[in-house]
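Here come two complexes built around subunit A, the first alongside subunit B, the second alongside subunit C.
Moving on to the complex of A and B:
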C-alpha cells in the first residue's frame, strides 16, 4: 500500500506541473487557433531565464525569480506574436493553418539553435529553491519538486480566477468562441490574441523555471515536455482548460503507475511515454473529442 | 640616319643575339626531396631527396641528384597534392549525443592540429581538421563519414564518442579504405571487425567493464542494479557486466533500460527502493547521469550507507557538480586516463594548454582525442605519404608516447592476432589506463578524486561510504 501511495504522490506532483505547461498550450490554441510547436522552446527559455536571473541577482530567493522569468519570456512571445502571427489573423496570409505550423516550427528550430550557440550544449542548473527532501507519508519527495508543484497549483488557481472572474478572462473566452461577435461588442481580438499568446508561453516558461533545478537545462530540454503537452491537450479536449488540468494529472499518474507496475522492470522506464499514449488512444476511441472537449 | 646604317645596326643586333643564345648555358634548377622513405626501383633501394617550398621561400641549390628519374616519379606520386593535408574528425556536438564528450574531443583535436602546424605541419604541408557533428545518431555518423571522405577528401579520420555511431562509421571508412583511429567508442565490435583501417586507443567494453566488476567483487557487494541507457553501448555494456559478475559469483544483478532523454526516474527508483541493492549504477551519458543521481539522492535511495552509487563517465566533468550538487559526494565512476601521479610531461602540458585555451578541465575523451589526432598525423609523417596502406602500416608499427602514456597496437598485419586472444584485440591499444575514482568531497576536481582501484594505483580507501 505504501508503494502505491508513493507512486500516487509522485504522479500527482508531476501531473500538476505538467498541467501548467499544457494549459499554456491550450490557451494559445483556444484563442488563436494555433498549435504552438515552439512551446517546448519557451519552456527551455524559462529555464535559462531562471539561471540568468539568479546569476544576476544572487541574494534574491529563487522562488521570486520564477514569475519574472515567465514575464521575460512572455515579452519574447509578444514580439513573436505581433511580428509573425498577427498577419495571419489580419487575413494577410493565404493559408493561415499551414503558415502557423511552419512559422512555429521555424521558431522552434531558431530558439533551439540560438540556445545552443549562446549557452552551449552542457547542462546547467540554477540553485535549488530549498534543497533537500520532505517526508510525505511513506516517501521522501524532493523539496524543490514540492515547491514547483505548489507554485503550479497557485498559478493554476490564479489562471482559473482570471479566466472565469475577470473582464479580461471574459474577453478571452469571447474571442475564443466568436471573434467577430467579440469585435462587435468592442473587444480587440488582436490584443486578446497577443495577451493569450503571452500568457501561454509565459506559463510554459514558468514550468521550465520551476523544473530547472530538478531536471537541469539544456537547449533540447523542452522536447519531451512539449510532446507530453500535445498529448495532454488532445486527451483533455482541445481548447478545454479543465480538460488540460485533468488530462495532465491522468498522464502524471499513468506514467508513475506504469513505470512502477509494468511486469518487466527492465523495460518499465523505457515505456514511460507509451503508457500515456495508450490511455490517450483508448480515450479517443471512446470519446474522440477528448475528456472535456465539445463535439463538432 | 641613312637606311644602310639602320640595316647594319639591326644585323649586328641579330648576330649578337644568336651568339648569346648559343653561348648561354641552360639553368639547371635542381631540387632535393627530403628523405621520407626509401623507394624501391627495379628491386634496388633508392634514396629520394628534395627540398620543397617552405613558407613561401624557395630554396634552389646545385646538388647531386641522388635519385633516379623513376624514384623521383614514385616519390612525387606519393607526396600529397596541394598545400594542405585534410583529416576528418567526428563526434557528437549536439543532442541527443553526448555533446559534452564530443565538444571536448573536437577541442582536443583542434589543439593537436594547431600544435603540429606550429611545428611545421606534416610533410611540409599545413594540416586542416574538418570535424563533423554526428549528433550521437548512427545514421548521422554514416552521412558525416561519407561527406568527409567523398567531398572533403580527408586522408584519415579520428575521434567518435558513441559506440553505436562508430559501428556505422567504420563500415563507411572500410568501404573507402580510409584509416581511422577511434578515440572513445568501447564496443568490442569496433576492433572486433578485424578491418585493416580501424584502430582504437580507448579500452574495449570487455576490458573497461572488468575493472568495475573486479572492484565490485573486491568491495564485496552482492546485489547490484544497473540503470543503463537504451543504446548499443548500454546494451553491450550491461550484457558484459552481467556475464562478468556471474563469473565472479555475483548473480543478484538487475538491469533496467532507460531512454537517455528520460527526465523523471522517480517511479523506477521507487520500485528499486522496495528492495534496496548494495550498489545502484546510473550508466546514462549526458544529462541523464545527473538527473538520476539527484533523484536517487533526494529520495534517500543512494548514495547512502546501505546503497553505493556508481555513475557514468560524465561524472568526470566540472558540470557534474553544478547539476548534482551535494549528491555527487561519495559517488564513484570508472575513469580512463593516467592518475595524476603518473602524468608525463605531455600530460602536464596538454592539461595546462587545454585549460588555458578553453577554460575547462579536459576529461578522458579529450585526452584520447588528442592522442588519436597526434598519432594519425605522426603516422602520415612516418609513412611519408597519405596513401592509406602506408598510413595503416605506419600505425601498426608505431610506438607513441602520448598524454595517456605509451600507446601501441599489439596485433596487426605485422603481428597476426593469435586464436587465444579476443577478436577486439586487433588494432587495439592493449593496456589503456582504466581505474575507479571516488569523490570524497563536494565540488572535487576529477584529478583530486581518490583512486580506489586497482590497488596498485590506489590513493585512497577501497570504498568510503556515506555516514549512516
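Moving on to the complex of A and C:
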C-alpha cells in the first residue's frame, strides 16, 4: 500500500509539472490553431537560459531566475511568431495547415542544432534549488521536484487568473472563439497571436528551467517532454485548458504506476513514454475529440 | 496555385539522362572515400524522394519515415542473424516488415488532418526508438546490431556503390511511374480536396494507405541495405534530427518533385562533407535554409532556382485540369 501511495504522490507531483508545459501547447493551439512542434526545444532553451542566468548572477536564489528564463525564451518565440507565423494568418501562405506543421518542425531542427553547436552534446546542470529530499507521508520526494511542482501550481493558478479574470484573457478567448467577431470589437488578432505564442513557449521554457537541475540539460532534452505534451493535449482534447491539466495528471500517474509496476526495473524507465503511445492510439480510435474536446 | 514541375520537358529530359550516365560511370573517376560519401548521399536521396511522394504529392506529413527505415534495417538484421539467411532474403523480409508497419500506421492515421498525423507519427517514431533501446537483449541497444557486409569478398566499394545507385534509380523510376499513372492523379486529387475526390468516386482509403505502404517499403529497403553496408545499426539512425535532415533535404530540393528532392539530398550530403570544418554549425545553416525555403520558396529552393535559370514556367492551369479529369473517371 505504501508503495502505491508513493507512486501516486510521485505521479501527481510530476503531473503538475507536465501540465504547465502542456498548457503552453494548448494556449498556442487554441489561439493560433497551430501545434508547436518546437515546444520541446523551447523547454530545452529554458534549461540553458537557467544555467546562463545562474552563472551570471551567482548570489540570487535560483527560484527567482525561473521567470526571467521564461521571459528570455519568450522573446525568441516572439521573433519567430512575427517572422514566420504572422504571414500565415495574413493569408500570405498557401496550405497554412501544412506550413504550420513544417515551419515549427523546421524551427525545432534549427534550435536543436544551434544548441548542439553552441553548448555541445554533453549534459550541463545548474545548481539545485534546495537539494536533499522531503518526507511526504510514507515516502521521500526530492526537494527540487517539490519546489518545481509548487512553482508550477502557482504559475498554473496565475495563468488561469490571467485567462479568466483579465481583459487580456477575455481578448484571447474572444480570438480563440471567433476571429472575425473579435476584430469587429477592436481586438487585433495579430497581437493576440503573438502574445499567446510568447506565453505558450514561455511556459515550456519555465518547465525546462524548473526541471533543469533534476534532469540535466542537453540539446535533445526537450524531445520526451514535448511528445508527452502532445499526448496530453490529445488526451485532454485539443485546445481545452481543463483538459490539458487533467490529461497531464493522468499521464503523470500512468507513467508513475507504469514504471513502478513494470516487472523488469532495468527497462521500466524506458517504457514510461511507451504507455503514452498506447493511450494516444486508444484516444484517437475511441474518442478522437479527447476527454474535454468539442466535437468538430 | 501550387506548381508541380514537369520533369520531362526537353532540356530537363536531357539533364536527367546526363545525370543517369554520370551516376553510372562515376566509380571510374572517384576515390573510395568519395564513393562512400555518394553511397550515403544516395541512401538519403531515396529517403527524401519517397518522403516527398508521401508528403508533397500525398499531403501526408509523416514524421515516422526514419522509423520505417529503421524497422526495415532491424528486422532485416535480426532475420539475418537468427535465421542465417542470405542478405537478399533478409533485406526482402525487412522491406516487407516496414511495409506492414506502414500499413498499420497508415490505416490508423487515415482520417487525421495534417497536425494530428504529425503528432501521432512523431510520437510513434520516438517511442519505437525508446523500445529498440530498451530491448537491448534483442537489438543490442545503443551498442548496435552488427551485420554482415553486402559484399564480404570485395575490398572495393564499387559493388556497394552500384547497389545504392540502382536502388535510387529504380525507386525514382517506380515512383515517377506511380505519380504519372491514374493512381498518382487520384493521390493528388485526394490531396487537393479529399471530400471532393471521394464524392467523385476515388477510393480515398485505399489510395492513402497504399501510398503510406509503398513509401514505408521504400524507406525499409533503403534501411535494410544501408544497415548491411555500414555493417552496424544503432537507434541513433532514427532520432528526430535525422528525420529533420531528410525533411530539410526534400524541402530545400523541392518537395513536390521526386527528382528535386533526390537532388536536394545528394547536394546537401555532399556539402555536409565539403563543409566539414564548420562542424556542428553546418546543420544550423541547413536548419536556417529549411525555414527560409518554407517561408519564401515553398516549392523548393533548388526547384525555384532551376526554374529561374532555365525559365521554365509550369502551367498551373493545365495540371488543375488533369487532376479534376482524373477524379471524374475514378474507380
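The definition used in the following text is that the second predicted complex is superposed on the first by the 279 of 296 C-alpha atoms of A that agree within 3 Å, B and C clash if a C-alpha of one lies under 4 Å from a C-alpha of the other, contacts with A are read in each partner's own complex, and residues count from 1 in each chain.
We adopt the following convention: contacts are C-beta pairs under 8 Å (C-beta built on N, C-alpha and C of every residue); 3 or more make two chains touch, one makes a residue touch a chain.
Everything numeric in this text was worked out from a predicted model, so none of it was measured.
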| item | value |
| --- | --- |
| Subunit C versus subunit B on the shared subunit A, clash or fit after superposition | clash |
| Touched partner set for A:87, first subunit B, second subunit C, both or neither | second |
| Which superposed partner A:10 touches (first subunit B, second subunit C, both, neither) | first |
| Partner chain in contact with A:281 - subunit B first, subunit C second, else both or neither | second |
| Partner chain(s) touched by A:218 [first = subunit B, second = subunit C, both, neither] | first |
| Touching partner for A:193 - first (subunit B), second (subunit C), both, neither | neither |
| First (subunit B), second (subunit C), both or neither touched by A:149 | neither |
| Touched partner set for A:114, first subunit B, second subunit C, both or neither | second |
| Contacts of A:97 with subunit B and subunit C, given as first, second, both or neither | second |
| First, second, both or neither for A:270, with subunit B first and subunit C second | both |
| Subunit C-contacting residues of subunit A that also contact subunit B | 116, 120, 220, 223-224, 267, 270 |
| Footprint of subunit A on subunit C - complex, ascending | 1-2, 59, 61, 63, 108, 111-116, 118-120, 122-124, 126-127, 130-131, 133-135, 239-241, 244-245, 247-248, 251, 279-281, 283-284, 286-288, 290-291, 294-295, 298 |
| For the subunit A and subunit B complex, residues of the former touching the latter | 3, 6-7, 10-11, 14, 116, 120-125, 128, 131-133, 139-143, 145, 214-216, 218-221, 223-225, 255-260, 265-270, 272 |
| Residue numbers on subunit B that touch subunit A, as the complex places them | 93-96, 99-100, 103, 227, 230, 254-259, 261-268, 270-271, 274, 286-287, 290-291, 294-295, 298-300, 317, 319, 322-323, 325 |
| Residue ranges of subunit A in contact with subunit C within the complex | 34-35, 37, 83-84, 87, 93-95, 97-103, 105-114, 116-117, 120, 220, 223-224, 227, 230-231, 234, 267, 270-271, 273-274, 276-277, 280-281, 284-285, 288 |
